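You will see two complexes here that share subunit A, one where it goes with subunit B and one where it goes with subunit C.
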Partner chain A sequence: MRFFEYESRAIVAKAGIPVTRHGFATTVAEVSELAEQIAGPVVIKSQVLSGGRMKAGGVQFADTPAEAAGHAEQVLKLEIGGQMPRGVLVDSRAAVRHEYYAGVVWDGIRKLPVMLFSDMGGIDIEEVAEQQPEHVARAHFSTLRPFSEWQAKQVIASLGISGTVLGRLTPILTRLARLFLAYDMTLAEINPLGELEDGSVVALDAHMDMENEARPRQRELLQELGVGDEETRQAREPTPFELAGEEVDAQDHRGVAGNVTEFDGNLGLVIGAGGGSLTLFDAVRAHGGNPANYCEIGGNPSVRKACGLAKLVLGKPGVDKIAVMMSIVSNTRVDIVARGVIKACLELGLDPAEKIAIFRIPGAWEEEGFKILERYGVEYADRSVSLHEAARRAVEKIQGGELAGAR
Partner chain B sequence: MSEALFIDVRVDEPTSGDPGLAAKLEEVCPVDIFRAGPEGVEIVRENLDECVLCELCINAVPAGTIRVIKLYAPGEELRA
Partner chain C sequence: MSILIDERTTFIVQGITGREAVNLTRECLDYGKGAKIVGGVTPGRLGRDVHGVPVFDTVAQAVAHHGAAIDGSVVTVPPAFTKDAVFEALENGVKLVVIVTERIPRGDVAQMVELAGDRGARIIGPNCLGIIVPDVIKMGGIGGPAKDAAKSYSSGPVGVISRSGGMTTEMSSTLTAAGLGQSTAVSIGGDAIIGSSYAELLPLFEADSQTEAIVIYTEPGGRMEAELARYVLDSGSRLPIVAFMAGRFMDEMPGMSFGHAGTIVEGKEDTASEKIARLAEAGIVVAEEISQIPELVRGRIATTV
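Entry: the complex of A and B
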């Protein structure tokens, strides 16, 4: 889940990282009051959960409280990336000598957090990493062992930074790494991290993303920030299709058949099994397929739930076929899922043999499941067929149909 | 949900009116296929396809009382 910048600043400050004087406001009067308190030049920053604020006019500079109020009037009404701002951040404009970048991000391949540091802050770090990689330092670290200052110092010093600045940057990066671990973040970023004219180092902007599954155990932090349970904080609002997926999953307590994300392809996916969904989604894409959705099934959903999910996917405009695929299952029954997806086809008046491009779920009760699939003429595969091969077959089938349709 | 496609359950006629048997079946079925009604065992047809073939119903009542029929596999059924 994403945090607004004003919340990210609060998290950073809570971790002991210095921040510029700032405040959050939802009205022009509050902006004026904050600007008065800051008593100097300020920056008015729109609080939306999307990028591109500067380009969209969501960041404005003001020298006086009156000017700040004028900008706030516009920024508070400005839609950015389809979102209206929650408010604005009123930030004191600091005299910056140098801008750095400091971040910690979860590396899904190494399955470890990685600390990133650059002496070229204030701009897109991906761009720096691509064009001037010698200006980006990085180091993975353990989620189990305590993070030490020495590790942060190594990263910073590897860019040739030494002396007082090294001494001031080190505790900031150390605290950033520790807050990343303590609050189950997937991204904790300070960009820019400013060295001011007086030599102090402060966070001028911050961006935090927390692992969604960590919400229950981070309840205290979320309460402190005023984040309600109802706030999904996804990059975008869920679509009606995705909301319908949530309803399917909420039908009963048995298993999972949901976590649906909408895409615009023609191959509907009914997929799952502990990371299998992501692998399968990628496999479909790798073979040139266009998924209509992402979803997750597992934990032995009821027939009703599997049917509900398959009906939802089959009913999505543009979906030609569905692929029903999982890795080898032990806690989900093959026959139950088979019943669900076939029932979905029949209830929609569709031929399962035609609409199910492939059924590749080997595992518990597969013999029974295969009997059902044979009865309805559905192509299925056992564990001797890899996930990638199953995805390839599904893509081939749908593309074959496209070619036939084009002729 | 429409009519069952995969599973049918038959209860032996002479004993289906037994209230004790009906209560027992209602208790043991994990997917609520049986209900104890005023006239004995009632089959909740919308739950038939949820049957997990656990045989708890078959084992809870006298032999020959319950038959669980796999509609997708002609000739295959579960019975005591």
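Entry: the complex of A and C
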């Protein structure tokens, strides 16, 4: 999950890393007040989760509180990357002598965190790494042994940095490495990290991403920041349809029937498991089909949950038919999913044989499942029909139906 | 032959009294020549048994009862307790840990992997279904109940490595139906950091005389496929590799995660199209559909002989 810049700054400050004087505001009046308090030139920065704020006009400079208020009025109304800002950050404009970059990310190949440092801050680090690799230093570090200051010092000094600034940068990078592990971050970045005219070093901007899986054990920090459990902080906000999917999945703790993502097609998908869903979604599109949704069934869900998911998808405006398909199941029971999706049709007053374009779930309890499907005249397939072939049949059925309707 | 496990492999199940673990134990005991599950561990349940497997409070008790080192452990405890359970196994001499549990934060996984490295042990997973040597042994829920696993898996020349547990079975079943059996199939897990990647398992398959080709299931997210491509180019592996890439639609949706935690596209190297290009550069053929895999494998086995 992503943090807004004002939250990232709070995290950095909590870890003992100096930041410029700043405040978070949601109204023009609050911006004026903060600018008065800072009593000098300020930067107004839009608080959105998407990148490209500068280009979009979400970052403005002001010399006086009145000017700051004028900019704030614009920035607060400005949509960036499809998102309205949560507010603005009012930041004091520091006299910067030099900009550095400091970051920590995971290296999935070495399976260790890696510290990245550059003396060319303020720009995209991937660009620097590609074009001027000699300006990027990196070092992996242990997750078992405590991070020690010399490790940060060695990374910084490897770029030829010495003198007072080396002594000031070292504790900052050390604290960044420690907070990365302590708060289960997947990205902890200070860019730029500014060396000011007075020789002090402060974080001018910060970007933190936390692992979703760690949210339960990071509850204390999240509460401190005021981040609610309902905030998913995904790349885009969940739609009402997706939220309804989460509700279905939360009905009981048996298995999964959810992870719904909304699309705008006419073929509803009741698919699984993880890898099977990815394969099937691709397969439907490869055959020219238009999925109404993505979802995942797995881990042996109850009839109620399978029914709830199928009902949700069947009830989505524009959905003509559903395709119920999974890779071979070993834990999830074929008969339970079959009962769930048939029940969904019947409860909505629909004919399962007409609404279920195809049922392709082979595996555990398949004989029982296929018997139920036969009774209701639903077309089904066993493992001899591939995932792609099942998807093709579903697409053919729904598009054939459309053509017939048009005639 | 096989990799990682064979009929002599002994293992324990940590968290054995949980619902899924009880099923998994039954399945492993029933499959092939019958797994040698020498104990189970659930704190506070000393003295019970699960399908005849004695339950202990600690791994040390299980080792003492067995009277010799135990080769492996299947870990099925909840995410908050997994790290401790894996540490316990590693510190008691277990050399192969299969972690079934999902939703473990990366920081914990990295610590487990690091300790395993220090102890000369290997981790498979997390978020995986384990390992199967067709007709011989399975370690984990892979393939499901013994009679279902027997339908999907058969013994033969193909090594299977997959980031998806379910797709390990789907691909193996497709191979089996085409008359191509498997030497060993490994569900390596769907997380961003896992104990054993394709490139780390490939040398084991290369050393296995039964294995003549490799089939892998891949997804967007992470650099594991790039690592494999680099390994193949640098080492000149004797084994032809056929890959299947799911989740191509995700390239249009950066920052979103589908299917498995590890699928989130965080950089340009992570996308499906970039990975397909990397694999192709290394001579790894990427199938458009699962059903094409057997033919591609057969063609490549024929050309290497």
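Here is the rule we use: the second predicted complex is superposed on the first by the 240 of 407 C-alpha atoms of A that agree within 3 Å, B and C clash if a C-alpha of one lies under 4 Å from a C-alpha of the other, contacts with A are read in each partner's own complex, and residues count from 1 in each chain.
We adopt the following convention: a residue touches a chain if its C-beta (ideal position, glycine included) is under 8 Å from a C-beta of that chain, and two chains touch if they have at least 3 such contacts.
Keep in mind it's a predicted model, so treat the numbers as computed, not measured.
Colleague: For A:Trp106, select first, second, both or neither according to whether it touches subunit B, subunit C, the two together, or no partner.
Modeller: The second partner, subunit C, only.
Colleague: Touch check for A:His253: first (subunit B), second (subunit C), both, or neither?
Modeller: Neither: A:His253 stays clear of subunit B and subunit C.
Colleague: Tell me which partner touches more residues of subunit A in the superposed arrangement, subunit B or subunit C.
Modeller: C
Colleague: Looking at A:Ala273 after the superposition, I want to know if it touches subunit B, subunit C, both of them or none. Which is it: first, second, both, neither?
Modeller: Touch status of A:Ala273: second partner only.
Colleague: Quick check for you: in the superposed arrangement, does A:Ala283 touch first (subunit B), second (subunit C), both or neither?
Modeller: second
Colleague: Give one of first, second, both or neither to describe whether A:Ala364 is in contact with subunit B, with subunit C, with both, or with none.
Modeller: Second partner only.
Colleague: When the two structures are overlaid on chain A, which partner does A:Arg333 contact: first (subunit B), second (subunit C), both, or neither?
Modeller: A:Arg333: touches subunit B, not subunit C.
Colleague: Taking the touch rule as given, give the residues of subunit B at its contact with subunit A in the complex, in rising order.
Modeller: 1-2, 5-6, 31, 49-50, 52-53, 70, 72-73
Colleague: For subunit C, which residues are in contact with subunit A within the complex?
Modeller: So the residues of subunit C in touch with subunit A come to 20, 23, 79-80, 103-107, 109-111, 113-115, 118, 129, 141-145, 148-149, 151-152, 162-167, 169-170, 173-174, 177, 190, 192-193, 197, 217, 219, 222-224, 227, 244, 246-250, 253-256, 258-263, 267, 288-291.
Colleague: Which of the residues in subunit A end up touching subunit B in this complex?
Modeller: Subunit A reaches subunit B through residues 302-304, 307, 333, 336, 339, 342-343, 346-347, 368, 371-372, 375-376.
Colleague: Can you list the residues on subunit A that touch subunit C in the complex?
Modeller: Listed in rising order, the residues are 106, 108-109, 111-113, 126, 142-144, 181, 184, 186, 211-214, 216-217, 234-236, 259, 261, 272-279, 281-283, 285-286, 294, 296, 298, 326-331, 363-364, 383-384, 386-389.
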